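Some structures are shown below for you to check.
Each of the two complexes below includes chain A, the first together with chain B, the second together with chain C.
Here is the complex of A and B:
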């Protein structure tokens, strides 16, 4: 079964064709990063405007390059939430029109479930149950994936998402948008012991996260240095900040895996591209007999292939959408 | 030659099917703005009611602005989706020209206004000659006062319509002579008027490829405005 998938929840316009959930025939991604760079972050109105312009081009090249036609497609899938409402609406409207005119089933997909499914593409033998850490600019979750269609949220952020803290700290340190990769890169050149930032573990038995205190601590430290003319290496701040985030993410994930008895941990979402996180998780979880999975970088960013993969399992479970499908910016996973 | 026209530029969601000069069917919902949810089902019902399939359309039209940014994108993304799926041409129609065509028979100038917030309106000025309308001032965004100054320079009858009437007609009426408000049911967007323009454009060969069809926001995004474009 070949599914044509559309992803437009933030600033990536992406179209993919995925066969049977695991085989990516094509995964075209048009990134708007260069357009949003000068504003220091994604501007929703500009993102939406560019999705309308780019989507037909990306779709056409996906078909041309894969040498497929609409006749070869069995269903249309689209991210319908969570995400930026205006951006989501472009993809949803296009998907509904395509599905209707082509007379194919329509499958509305949850973006977070899509990020988790990126691991199905990377690891063809990976099957639930497993534990997943979803980390991105908008989300931080520890989720038990019971089955392709069944999720239990075990922990979530009480304030900022991990990626949000990365972006904020990067901006104050003067790194260009997107901040996450810049911090990750700088952290490799800095001293992680330079500044001891707080690790917020909350209650020992809680799997929830909180990053706003850490974010404030870093910003206060930088302000303090600037006011008192104390010199600092921004690589050191980046490294110390990243270490504080990773300590909490990795520690809680391992603790959670132990408590649930799950032997497999998948990292998903934009921040799963963070080299520091990948290395730390693999090492610490590995020592405890847990296998760690994360997808290639191209599958960590927002992309339609992961949506096409998840859509296959939605379809198998009988979860298709009707023509009333709408964008749901706050869509939940449970 | 059959055209399916979509208009989601304002609070009105409307679609019409026109075959040459004949309006085959039209749907207008002037109630809640749930365009993203209801547009496709409405088009589906319309097609079923008239016994046609979407595959039999020769072109897809869309009202391309000005108007609600989100509404415009829902209409455009939908029309592009149809056109790309079925490999058919598109036509785009100005929201303001479409409104003017609602009263093409007016004996004077027609001035559609859409609320653009910040004391501004999207507007354009159209001259009616009894059979069709011709644009004499291009679609733009301006302060309501600027429009009032312009209207005062014109001596002929002036017909005002569009969703900006609610907010501004009273003020215009107080300050401008020889001005008339169009009846509410004719003062709102309807896809049949846009379809009339669309079919003419098709005959004139003014169709566009689904990739090239573009929206006329007129106003840049506020981030671009702040950044000084």
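Here is the complex of A and C:
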């Protein structure tokens, strides 16, 4: 079964064709990051306008390069949330138009579930159950994936998402948007022991996260240095900040894996591209007999292939949408 | 009219928010929330939402731009306008709809609204205190005489 999938929830306009949930025939991604860089973040109106402009070209090149036609496509899938409402609407409208005009089934996909499914593409033999840490600019979740269509949320952020903390600290340190890659890079050059930032674990038995205190601590430290004319290396702050985030993410994930008895951990979402996170998780989880999975960089960022993969399992479970499908910026998992 | 309060911990900021939420509950309108990164805008919002009797996990609105809590009978809208560039974009995120709903609308980085001379119900600003990392000075400004009366009773 070949599914044509559309993703336009934030920065990226992407269209992919995925066969049977695992085989990516094509995955075209047009990123607006360069456009948004100068504003220090995604500008919603610019994002939706650009999705409108880029989407037809991305669609055309996806079909041309894969040498497929609409006749070869069995269903249309689209991210319908969570994300920016204007950006989501572009993809949802396009998908509905295609599904209606071609008379093919329409499958509305949850963006977070899509991030998890990126691992299905990378690891063809990977099957639930497993534990997944979803970390991105907008989300931080620890989710037990019981089956393709069954999730139990075990932890979530109580304030800022992990990726948001990266973006905001990067902003303060003068690094470009998106902040994650810049901090990850700088962290390799800095001393992670330079500043001891707090590790917020909340209750020992809680798998929830809180990153706003850490963000404040970084700001306090910088203010303190400026007031007292103490020189600081921003690489050291980046490294110390990243170490604090990773300690919490890795520690909680491993603890959660132990408690649930799950021997497989998948990392998903934009922050799963963080080299420090990958290395730390592999090492610590590995020592505890847990296998760690994360997708290639191209599948970590927003892309339509992951949506096409998830859509296949939605379809198998009979979860299709009608033409009333709407963008749901605050769509929840479960 | 102005009122000032000092908190010394994030919990105290949240607790003050809860008391303000009680006061805001029967009202509607825009509340500006200003303060630097990490000043406690999300923390005070968590308190306000709770104080208005809404049970919800309040998180940062930065990524989604708008978070809504509650239901038709009582609703709080929490926005972050940092990334909006011009007035048209406000419309795109449904700002007018929220205004018509009669909700309490908490707005972080409200510069666009200030430039366009919106009249807020109240303006809350949070600022850091030099040498006291966890302390915040919270200022509330309003033109509503009965609101300031009730707020002053908080101490």
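The rule is simple: the second predicted complex is superposed on the first by the 334 of 334 C-alpha atoms of A that agree within 3 Å, B and C clash if a C-alpha of one lies under 4 Å from a C-alpha of the other, contacts with A are read in each partner's own complex, and residues count from 1 in each chain.
Convention: a contact is a pair of C-beta atoms (placed from the backbone, for glycine too) under 8 Å apart; a residue touches a chain by one contact, two chains touch by 3 or more.
Just so it is clear, the structure is predicted and the values come from calculations on it, not from any experiment.
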{"item": "First, second, both or neither for A:243, with chain B first and chain C second", "value": "neither"}
{"item": "Touching partner for A:159 - first (chain B), second (chain C), both, neither", "value": "second"}
{"item": "Partner chain(s) touched by A:213 [first = chain B, second = chain C, both, neither]", "value": "second"}
{"item": "First, second, both or neither for A:138, with chain B first and chain C second", "value": "second"}
{"item": "Contacts of A:223 with chain B and chain C, given as first, second, both or neither", "value": "second"}
{"item": "Which superposed partner A:271 touches (first chain B, second chain C, both, neither)", "value": "neither"}
{"item": "Touched partner set for A:48, first chain B, second chain C, both or neither", "value": "both"}
{"item": "Touching partner for A:86 - first (chain B), second (chain C), both, neither", "value": "both"}
{"item": "Common interface positions of chain A, toward chain B and toward chain C", "value": "39, 43, 45-46, 48, 85-86"}
{"item": "In the complex with chain A, residue positions of chain C that touch it", "value": "10, 36-38, 42-43, 46, 57, 59-60, 62-68, 82-86, 88-89, 92-94, 128, 130, 133"}
{"item": "Contact set on chain B toward chain A in their complex", "value": "34, 36-41, 43-44, 54-55, 69-70, 73-74, 76-82, 84-86, 210-211, 214-215, 217, 221-224, 227"}
{"item": "Chain C contact footprint on chain A (complex, rising order)", "value": "39-46, 48, 82-86, 137-139, 156-161, 164, 167-168, 171-172, 212-213, 215-220, 223, 227, 329-330"}
{"item": "Touch list for chain A against partner chain B, complex", "value": "38-39, 43, 45-46, 48-49, 51-53, 55-57, 59-60, 70, 85-86, 89-98, 100-102, 323-327"}
